[in-house]
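Following: one structure in structure tokens, then a few remarks.
Read from first to last, the chains carry the letters A, B, C and D; within each, the first residue is number 1.
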Amino acid sequence: MTQISWLIALIPAFPLAGFLLNVFLVRGERANGTVASLSIVAAFITTVIAVINLAGMAAESRYIAITLWDWLAVGRVTVSFGLWFDPLTAVMALLITGVGALIHIYSITYMHGDSRPGRYFAYMNLFVFAMLILVMSDNLFLLFLGWEGVGLCSFLLIGHWFDRKHVAPGIVPSEAAAKAFVANRVGDAGLLLAMMAIVSHFGTLSFFGSDGISGFVSKLTDASFTTISLGAFGSVGLVSGIAFLMILGVVGKSAQLPLFVWLPDAMAGPTPVSALIHAATMVTAGVYLIVRTHAVFDLAPDASGWVVIIGATTALIGATAAVTQFDIKRVLAYSTISQLGFMIAAAGMGAYTAAIFHLLTHGLFKALLFLGSGAIIHGMHDIQDMRRMGGLRKHMPVIFLVYIVGALALSGIFPLAGFWSKDEIITHAWYSAQNINVTVILLLSSLLTAFYMGRQVALTFAGDVRDKDAHPHEDLGTMKWPLYILAVASVLGGLMNLPGVHWLNDWLNPVLHQEAELFTLSMGIFAAVTVLLATASGYLGYRMYSGAVGARIKPGDEDPAHYYLGDIWKGFEMGWGLDYVYQRIFVKPYRTLSTFLHDVFDQQAIDGILVEGSAGMVGRFSQAVARIQNGNVRTYALVFLIGVVVLVGYVVIGA
Amino acid sequence: MDWIAILILLVRCLVLALASTTLFAYFTLFERRLLARFQNRVGPNRAGYIPLPGGKKLFGGFLQPAADAVKLFFKEDVIPALADRWVYLMAPGFAVVPALIIWVAIPLGNWPDGNGGNWLHYAPIDVGILYLLAVTSVGVYGIAIAGWASNNKYSMLGGIRASAQVISYELALGLSILGVVMQSGTLRTEGIVNAQAGMWNIVPQFMGFIIFLIASTAEVVRSPFDLVEAEQELVGGYNTEYGSMKFALFFMSEYIKLIAMNAIAVTLFLGGGNLPGIEQASAAITAGYGVTAGNAAMGLMSLGAFLIKTTLLSFLSVWIRATVPRVRYDQLMNLGWVILMPLALLNVVITAVFGVVFPVGAVVPQIAMGVIGLIVIVLTTVLAAPKRTKRGVTLVRSQARN
Amino acid sequence: MLPTIFYIGLSALLFVIGVCGVLLRRSTLMVFMSIELMLNSANLALVTFANQRQSLDAQIMVFFVITIAAAEVAVGLALLVMIFMRKQTTNIDTMTTLKG
Amino acid sequence: MELVIFVITAIVAIIGAVAMLTSRNAVHSALFLLLNFGAIAVLYLLLQAPFLFAVQLIVYAGAIIVLFLFVVMLLGAERDEEDANPIRWQAPVAITMAVLLIGEIIWVLVRQSQDGLARVGSSDSDFGSPAQIAQALFTTHLLPFEVASFVLLTALIGVVVLHQRRS
């Protein structure tokens, strides 16, 4: 193993070291934050060095691999603890460590005065470690370790303020954490099943090499026709089945259609957590998984079709829900769901590069937006309700500036980062996939995106402060530089993959084997039209809520639009009522069943008969037997002797 | 075994017993005269002498032991009322028997009997050294049960002290012997003597010899380790309640054990009955007067050599008694456990290393070993010596620190 | 060479005497001594069998038994002294704290 | 000759054991036990185990019994059975069981003495010599030997810890 191999092993090692230090050695808020931030910065620098080394390699063998140890060896399946660093991993790792480092630095000020800083920073470091393992693993099993690790850290960090009754109205941190965990488990079960299917049919979990998943799938082109019987449910193609199971995992982790309900509630965690985990990194793991195992999805068009449908629908649902929210972070949460829908749809359409491109830019500007909103919340002393804000432009000029940059980028306004990546997805849907339904849905979502960002900016920054009790101020501390850097990155992020230049495309080509699409004039016109529409939509949103409509908003009131749209608005606000449905279909019957089982089986049968009954019997029996036990050693010895005599007698007579 | 052989054996045993008791008797005289010399006195010189012309007296006091015996024999024999009668009576026997039977495993010389045996070695057994250790360790009973059976607190304290002391020093004693055993590669006493034909063990096993000397002195509860019978504290110790012949038996057992220890030291470290020239002399006599005469000459000469060496060591014992003051109980335990035991272990390690590294019988390494032992002993003496305070009170190092 | 049964019989007799000592004597010291007697009778049997089979393994076993007996006596007597310091007696019938 | 020695020694051993059992005084018991151990040591000599003879004397006679005596003397616990016996039924049951046990053993011995207890192999004059014992101890049985040393060390530490003075 060369030195460069060890270098990539260092990347996850730094956050792990930070985690261990924070858990066992480092005490004190300032020290915790410094150690955590330094570890991530070190990981980032290491990543940059690794990327530079990677760039120097020949395109066809552009990867660094290291097998640290053999982890599991069961029968013919051997799972190694192996790290793999290729261009795809590189961009993911850069995003994770880069944005992660900024958010850690940001957290130092944001979490100032928190009662459990050591725990917070330790979990953040552990999260970065797990996420790096997720993107750097060379096999599905190790990926699953990271996958579960980020889920665990998400749970821990959402519940960071477990002792608070509620952060935003109606959200209890501990319940939100549990909800996120359970929703993720549903998806994880799917991924686990997919892994089992892969092991049982391919006998490997490795991504790479001729005996890896991709190698097998590419060899078994007929495998898509291999079918698995599902009993009464008919049958499904092997690869499709695996793909569908993976989609379940993707849907859970990336907050897609049936399982996105946990993400809005996850806003109960500290804002930097939302920025890092629930916007920039963890939720993109699903996208990463699809792109990493694209060989499987390439062979399963039916599954890919469903991926597109899920992604597009989620994008629309998220956008509509975001329009109606008043909680500043919930807007961004639904927006994240919507943008993830874009990525998933792109991945489903086979536009893996576009998906990764949007993943990266989104990671930058959504982190910016979350951090900005966090700065606002910090300045407003934990007020998150936009109805109590307004006019913050005067009080928080710096935040306003960077927030505008983020909002424009998210809205897809030329020439900011979001424009390029989102436009590439829509263009792909229109030109390459030629899927008019999806194009329309995505376009609509895109316009809604611009609208709700306009609305949010208007509600937050325009006019005067609506809540007279609030004392907004701007006190940034270490939060300043992450905001600046991310703002600059949000502006320039599009440079990664400009049409005609397409650096990212070339960079990922060794992995994804996708040639850059030719840029045509009609595409330019199409883009121009979308930009115009988005600008108009955004302006409309801003105008509405900074003008007459906004003037009617009072803290605690409904949105004026509710008046016009009625229950539809209400439905949007509830995220299309999925929570309600789940509550009715799963939670309530489950509760009822549990209560029944608890009252009848647990208390009567198990506690009453099995536990207390057996214990009571043992007790009574023991009391009877205890009389023999007079505590006198000589008597015990005598009993012993009687036993010996009987045994010897038995042997003697038996012999 | 026919009855003649048994008879011969019995006679030999009788000779041995009588010889050792006689040896004891004259050792007391030897000691008293010597002590007197050391203390610038005259000592017992009246009881029995050979008058020489001119008023000179030769061997003055050579009947003194007989006089002592008679005196002790005619003293009143008292048994304390509350004593445990049988044990009380048994204790002197317990003390004397080990002191006597220890002699059978010591080769007193080399007098071949013509059948491969040795007249001067009663029990040439495989585990000779272990036998010596076993008998030594049994020797403690006499003291312990005498102290207990007298039903007297001073006797009791003396008995307990004696038991603790003897058990403690047995370890150092055994370990110091272990070095010799490793050096010679046998557990047979005559084997050890034969192994010293070239060089006496005192050279390579110098450290072991010193440890053995100290430990054996403690083992036979003799000055400066005689605090078991410290008159000032214990009114005489375990034998306070004993009088007359029973006291004499204790007295005897102590002295016989002392001589036996010296004999063992001679066997283990000073080459037993070996002396350069004996072989040649006996060969010459064999050539001149036949095998029986040769063997007899050989036996007598080696016995003589053995006795001379033993006497020299006995002289050393007396010298020590005359010179060194009695130690305190804590000093005694400290010396035994903290200094002698580790030193003995070190000796075993050194012997083992030399035994593995150098070929058997090489002279220079053996001398080197002895020099190392000498250096270690000197260093230990310097380092572990009690600190002398200004007021002239000696303290153990640990106390001096406090 | 005497028949093996002589030695084994003696060993058995001594063993049973030891058993009686454990069961009948009430001084812990006596119980200890009886246990030692039992160990010794077992040792005697082992040495007898070693002689009968002309195999040293049993003698080695005796060696270990003696070692363990020494350790056991050291610890046991130390415990006994502790108990005596607390209870002023070694009577085993007074040590009935662990009764049901 | 051998029979004579055996009979004498066996009688001594049995007398020692019985006297130990019946003696009222713990010191007497210890001394009788010593007698018994000495007799057994002599039997070891008869059974070609000179090494064990020496070990028996050194360890049992030289250390263990001395330790017993030491403790008895130190504690003054010679007569510690003066009070009434709290479990009177123990003695008859115990004696019955002991008789049963010895009956069983005799039964086995009588049945086995024809074949099972016959002498195997010829007598080797070197058998049981220190050299042979050492050979077996330090090759075949090296691991138990080391373990035994650790047992002793543990006992040593245990005793020291037990009697440490707590402030």
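Quick note on the criterion: a contact is a pair of C-beta atoms (placed from the backbone, for glycine too) under 8 Å apart; a residue touches a chain by one contact, two chains touch by 3 or more.
Remember, predicted model here, so these are calculated numbers, not experimental data.
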Pair joined by more contacting C-beta pairs (A-D or C-D): C-D
Taking each chain's C-alpha mean as its centre, the one farthest from chain B: A
Centroid spacing, where centroids are CA-atom means, of chain A and chain D in whole angstrom: 74
Centroid spacing, where centroids are CA-atom means, of chain A and chain B in whole angstrom: 88
Between chain C and chain D, centroid-to-centroid distance (C-alpha), Å: 6
Separation of chain B from chain D, taking each centre as the mean of its C-alpha atoms, in whole Å: 30
Residue list for chain C, restricted to those that touch at least two other chains: 19, 23-24, 26, 93
Junction residues of chain D - those touching two or more other chains: 51, 55, 63, 74, 86-87, 90, 94, 97-98, 101, 105
Shared-contact residues (touching 2 or more other chains) in chain A: 630, 632, 634, 638, 641
Chain-chain contacts as defined at top: A-C, A-D, B-D, C-D
Contact set on chain A toward chain D in their complex: 630, 632, 634-635, 638, 641-642, 644-645, 648-649, 652, 655
Chain D contact footprint on chain B (complex, rising order): 1, 84, 86-87, 90, 125-127, 130-131, 133-138, 140-141, 144-145, 147-149, 156, 159-160, 163-164, 167, 170, 187
Chain A partner contacts - residues on chain C that touch it in the complex: 19, 22-24, 26, 31, 92-93, 95-100
Residues on chain D engaged by chain B in the complex (per definition of touch): 1, 25, 27-28, 31, 34, 50-51, 53-55, 57-58, 61-63, 66, 69-70, 73-74, 129-130
Parts of chain D lying in touch with chain C, wherever the complex brings them together: 2-3, 6, 10, 13-14, 17-18, 20-21, 26, 29-30, 33, 36-37, 40, 43-44, 46-49, 51-52, 55-56, 59-60, 63-64, 67-68, 71-72, 74-75, 77, 80-81, 83, 85-87, 90-91, 94-95, 97-98, 101-102, 105-106, 109, 113, 117-124, 127-128, 132-133, 136-137, 140-141, 144-145, 148, 151-152, 154-156, 158-159, 162-163
